[in-house]
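One structure is given below, encoded as structure tokens.
Order as written gives the chain letters A, B, C, D and E; numbering starts at 1 within each chain.
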Amino acid sequence: MPKIGVFVCWCGSNIAGTVDVEAVSEAMKTVPGVVFSTNYQYMCSAAGQKMIADAIHEYHLDGIVVASCSPRMHENTFRKTAQAAGLNPYMVEIANIREQCSWIHKDKEEGTRKAIVLAKAAVAKLLHNQPLQAGTSAVTKRCLVIGGGIAGIQTALDVANAGYEVDIVEQRPTIGGRMAQLDKTFPTLDCSACILTPKMVEAAQNEKIRIISYAKVEKVEGFVGNFRATIRKKARFIDENKCTGCSLCMQKCPSKKGRDEFNMEMNNRPAIYIPFAQAIPNVAVIDPEQCIKLKSGKCGLCEKVCSAGAINYQQKDELLEREYGAIVVATGFRPMDPSPLNELGYAENKDVITSLELERLMNAAGPTKGTLLRPSDLKHPREIVFIQCVGSRCDENTNRGKPYCSKICCMYTAKHAMLIRDKYPDTNVHVFYIDVRTPGKNFDEFYRRAVEQYGVDYIKGMVGKVAREGDKLMVRGSDLINNRQVEIAADLVVLATAIEPDPSARSIGTMLTASMDTNDFFTEAHAKLRPVESPTAGIFLSGVAQGPKDVPETVAQASAAASKVIGLLAKDHLVTNPCVALSDELLCNGCSQCEKVCPYGAITYENREVRGPGVREVRRVARVNPAVCQGCGACTVTCPSGAMDLKGFTNQQIMAEVDAICL
Amino acid sequence: MRKFAAEKLEQLLSGISMPVYAPVEDGGTVIYGRYEPGMRLRLDKLGTDRTPKEVLFPQWESLMHFKMEGKKIQLTEEERANEDYVLFGVRACDMQAIRVLDRVFLSDPVDTYYAARREHGTIVGLACDAPGKNCFCKNFGVDPAQPDADVVLWPAGDEYFCEAYTDKGHALLNGWDTLEADECAVTAIKEEIGKKYDALPFAHLNLNGFDGEHLMEKFESPQWKKLSMACLGCGSCTFSCPTCQCYDIRDYDTGNGIQRYRCWDSCMYSDFTLMAHGANRPTQLERYRQRFMHKLVYFPSRNEGMYSCVGCGRCIEKCPMNLHIVKVIRALGEGEKE
Amino acid sequence: MKKIKARALSLLADGTVKRVLGWERGEDAFDCSPALFENEAEMERFVYGTCAGANLSKYCVKMGKAEGKTLVILKPCDTLSFRQLLHEHRVERDAFYIIGAGCTGMMDENGLLAKCAACKGKEFAVYDEIIDTEECRLPTGTEKRMEQVEKLENMTAQERFAFWQGELSRCIRCNACRNVCPACTCIKCVFDNPGSGVQSKAPVTDFEENMFHIIRAYHVAGRCTDCGECSRVCPQGIPLHLINRKLIKDMNELYGDYQAGLGDNERTPLTSFTKEDAEPGIIHERGNG
Amino acid sequence: MSVSNTGWTPKIVAFCCNWCSYAGADLAGSGRMQYPADVKIIRVPCSCRVNPLFILRAFERGADGVIICGCHPGDCHYTSGNYYARRRMTMLFSLLDYLGIERGRTRVEWVSAAEGAKFAKTMNEFVETVYTLGENRKLRDIRCRK
Amino acid sequence: MTKETLVPMLGIVTEVRVDTPDVKTFRVNSVEGGKCFEHMPGQCAMLSIPGVGEAMFSITSSPTNQEFMEFSIKKCGCLTGWLHQMDEGQMITVRGPYGNAFPVEEDLKGQDLLFIAGGIGLAPLRSVINYVRAKRENYGKVRIVYGARSKEDLVDYPEIVNEWCREAGIDVFLTIDQPQEGWEGHVGFVPSYVTELGFDPQGRVLVCGPPVMIRFTTQALMEMGFEKNQIYTTMELRMKCGVGKCGRCNIGDQYVCKDGPVFRFDKLGELPAEY
């Protein structure tokens, strides 16, 4: 019988307060297999770990149980301790007597009883543990960045500058993302394009970076270090290598009624277009839904005017298969559509706009060439009302929007208000807000400048209704500070709409098996300690895909993700998770059910000579690729004979736990 | 020789102070179950679905318990049966089967679990007034008209003749309200039974050569391959056989200790002889052969010619694929006896 | 039968097949056993008729390893089992020459077999040729397939429990149901495997009876063609097929109609899913609890 | 802990997937949300690792209720595990119900890593249900009784 | 003899000796001290760890040893794996003795004896050898041929070298399968070594080892002129009850646990080759 040591942690008073740790370690001494049992204040401390190491040596332990906090917290710590002491790290089991015992029970007797059961279950499992050896797998030294906004660009640049290849896959015809649409950035008010476009150019010119625009990732297989992605490069109907970006075709194109996505569809663009002047790649694209030639076969004007001969109506989608060692998700965000919030009248009134639309209206390259005109009649607005938290911070149950704070709205509204007041002092600006949140460097100073220096009228309160009366928009709201109703006859209403993850995020998450929260933001591996990694190994998070953030935060996170990627790609080999499925070929009858439920395609079948007691024959048997298997265990339940088992969570181990718990 | 009116039977059974095990219905099958007044007796059923052997040698029984503490083991034996009982309505073939079991379990060293049950039981045999088409007991020296029991009953229309042959039998019969009867009536009944039996399809099989002398010849017969081909390797023949007594001993971890129990096993099962390095009867052919060789050759060879088949016909009825011992006897034997 | 026998003889004679897997006649009209015939002389005892209730598919697993082709006679319902075995790579199609044999419903001494009473029709799921004897007609199912399952569903939980305890308590764990089942083709059943942790040999307690039959049915769920052999072979007359049928009924109702042994090796209901599948809580919402 | 007059307390086994529900249980712990100590959690990588054998084993050994918790459908760390688990458990629980075993003793609940409160609430509800049903007598091995 | 069939007595492991990488020898005493029961050389006992399993093992110590019984056990399955993890002081259950014995007081008496063993096959023979050594006057010449895969796999090597080899009237011939550093003895398989050595076809031969070894060794012996009735071997089949009732271990009409495990070769030839 293996010799087991049990180590009960007090976790200060966190455990010891509700669990009689002495009684637990005493009770464990009589459990079969346990040859040593003790307790200590902080097992995870250096002294605690030394205690464990010493006991391993002194009692020749074959395995240890640490009764402490959640294994999600310190399983790795203790595995390392065990390993350092010469034990196989997988001969360690954690009994979670903090999160799942001491913290949720008040009665000490009850807590102690449960802690003993949990520790016994851990011992019971450990009695069936086998030393596991992690395998290794090679690392493909290339990184895939999904999304070519500032987050993706920054990550790509950092990774490329460290000497590794990077592919940026961008769904739009150009990289640049949301930041390219912004006019100025807070709190410095520098021109967004002026700081972004050099980075775009740098990315385009970096020989380690390949920009695959107007494309989407269609399939990802494999695992950390060894991903294989299928990328669909949509037909642009333009030969990227020939197009010079002269934009002559755009002028000649007779079909000019396309909605200009870059300008938030506030103006039109031709069927053949370059999204904006600084687009990278600076190459045109034909909108097949709009192009007369592609729809009816007639026209072909662009082909005629293109001296480079870049137009190719026959172009087809192209599928690229590329291998990667790491994948960075930088899928960014979009503003939430505020139409469902009927009282704000966004759908009916052209002069109710979103903040991002305002960005375009104020931008020199925008639909109004930077002059602030209201969309309905192109008149200069004199009264502008900003409404904060539109769709943010909503009660989840009301279905009116997002439960979270979109984080950037307070600052960009202050920016907008300040810019308008600065440029058009005759225009009054009112801001309805719930709270103003300015916890950033120079943020509060910026906000106060808007109020104090620029006289922006901040009204704490909510807007109940926006209704058109004549050419005015009547904004009715409450002023909570003065405790009264206010009504403002506005010319323009700007909604600080919530930001939400790009709609492509969900499917990408599924494809990558990267977990997401209920709002479709990617979940980090640890909220505090591993904020730029997904729980799925090899998947990293950059920018707003992980949660709302402003530009500097996005860039910081992008660089952080890059450093994680570089850390990964710098390795020649990765240690694989040894807790993978294993098929017992003596039991397997090759029925092929397990293959059907494997999400990773890790199971294959082969005819192999099987040798066992009294058996020597060629049989079709399942084989698990341990490098591909992620250890979910779906196959184990599909296998009726129990040939398929999961190392680290074997049938025997789990049943031993069940037995111990039910005793 | 005594007799009593058939209608009084249930009353007599109810009057027995000991537990009575008799053929009763259980959801469409007939078993030797604990008889309670009002239950439907099925004395008409030949080849009951479950056999009287279960009363003496149940499908599973606890042997002992262990408590483990550290390196220590504590052993508690299961108590042996200590209650007298009556096993009622046992046919001649099944009675012979009990004699077979006696040979196994009461031979040295005695199986005390079986012995205790055997000792506490009084067996009331029941003559077969109408042997059925699957019966072939006489081939094995069994007289369907004369079960070898403590007490024997002969059904005769509206009355039963009865006679006790042992002390236990007399003790039981003395408690019954019976009338003096004429031996001749029973002789006639026996003759009648003999005639009925002789007309049955399997009445006279040729068992020449089924003995230790011809062990290797029978063992090496090429017929086994064909005979065993359709065998599923299930245990329906063994478990419904009144003489099959192969068993397994297993430990069950109750969480509070170990219960060591014995349960029926079947030589037809693929894991019956399986060891760490393989089985010595690797295919169904060997396992099938083992079962029939045991009944017809090995057992008589060790037991003065006593077969461990009693001709009850249950395997004929129960085998899902209609493989049975008569087919084996015919294939391996030397034709019908004239 | 004559046509089948003649065809089998000619296929044996011309070397197309090495052996014939069929039935051999026994003592009387209801007595026939599955048998292997390797020459004309042996074929003398060949029989096909209403006694041929056994499903020969299971034997194909073993037979498929023999050298040369085996001719196997399969009834319509048997072909479903065979095809399911094909899906599971337990038999090679090339190793068999399949004669689909018409079936008028199989009998034993007590009349039409229970499995034939709810006949699934006379379509063959796989065959090389069909020999439909002249007198063959579509056996009219005398009962609806799910009739008895529904009856049980309509009972109260207590009644159902009593019903099944009554039935399963008769189980002697002879394993006939498992060994005959064409879907049970594990090299070693979990109940025989000391390493599985659930090995058990005798129905020592109510629990072990339940356990065996729950797991037996569960392990073939989605692969069980409802051939009814389990109930046919049960020496204790336990209606085991009603457990399998319940699973089939549930799968059909919740995940869409599915018949194991048809189709082209698609996933079974338990190896597939849709995002909109019913939640397990659905069982709380129906019928008697 | 729920204690009846006879001193009986239910035994409840909760299988929790490592990525969502186990984390949810941890979160319930960090939030000091109380639920009865009758619930003992077994960590499995995914709800699809839960073999019906484990559930029956728990009942055999005297569990009075078994609950399986996994990621919400669509959120499985392994993409599809909980979808399989959903079908498997539906079928198994339906079969148990068909055999007359009380429905309330089995349950599947999707609990995300963020739903500590839901975890605690679910456990409180489930213990209550099982408590009302009383001791599991229909599906346990009498040999395991003390 | 254990009083009850199937009901074992408790024993305590009082010494564990590592013989080879996969063989350990366990000394077993009854709880009160002393031996659990008396036995004759060649007989077996059922050892068990409740909850793990029960299996038959030959008793390797000689009956002439009055203090304890010994079992040399090779690790090959669940139970033996468990036994190998035992420390001194561990209780186990023991029942027996079972089976027949080598006819040390009958057919073997007064004879020259040739022992041939391979690997763990020495275990049952060791009992006989030490019995013969203790009653040396009753027997003629003793020759022992013993082989294993390697020097490390020779069971009881110290006893062989320090006691048997030094005893007058005993010739020991050791061999290993493959050449090995530090081994100056014979290299080669047991059957061929037997042929090489050549023996007069007289006296009695006791052969024990893996089936293949037994087969070739007996062939070699027959070629030298030995008769089948001069050769004894022991069988190992799956045994459960040990008392000839559970129905597993029969070869034809002979139960290995009751009528065996020791069989004379001519007798074995009359039985089906189902072993």
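As a working rule, contacts are C-beta pairs under 8 Å (C-beta built on N, C-alpha and C of every residue); 3 or more make two chains touch, one makes a residue touch a chain.
The shown structure was predicted, so the numbers you read here are calculated from the model rather than taken from an experiment.
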{"item": "Chain-chain pair with the highest tally of contacting C-beta pairs", "value": "A-D"}
{"item": "Label of the chain whose CA centroid is most distant from the centroid of chain E", "value": "A"}
{"item": "Chain closest to the middle [Cα centroid of all protein chains]", "value": "D"}
{"item": "Separation of chain C from chain E, taking each centre as the mean of its C-alpha atoms, in whole Å", "value": "50"}
{"item": "Inter-chain centre distance, chain D versus chain E - centres from mean C-alpha coordinates, in Å", "value": "53"}
{"item": "Approximate Å spacing (C-alpha centroids) for the pair chain B, chain C", "value": "32"}
{"item": "Residue numbers of chain B (touch at least two other chains)", "value": "68, 248, 252-253, 255-256, 265, 274-277, 279"}
{"item": "Multi-partner residues of chain E (at least 2 other chains)", "value": "none"}
{"item": "Touching two or more other chains - residues of chain D", "value": "52-53, 57, 61-62, 74, 80, 84, 88, 141, 143-144"}
{"item": "Residue ranges of chain D touching chain A (in the complex, touch as defined)", "value": "1, 11, 13, 19-20, 22-23, 25-26, 28-30, 32-35, 37, 40-46, 48-54, 57-58, 61-63, 71-72, 74-81, 84, 88, 112-114, 120, 144"}
{"item": "Residues on chain B engaged by chain D in the complex (per definition of touch)", "value": "252, 254-256, 259"}
{"item": "Residue numbers on chain A that touch chain E, as the complex places them", "value": "1-2"}
{"item": "Sites on chain C touched by chain A in the complex", "value": "87-90, 185-190, 193, 195-198, 219-220, 223, 267-268, 270-272"}
{"item": "Residue numbers on chain E that touch chain B, as the complex places them", "value": "1, 4-8, 10, 50-54, 76-77, 87, 89-93, 237-238, 240-241, 243-250, 252-253, 270, 272, 274-275"}
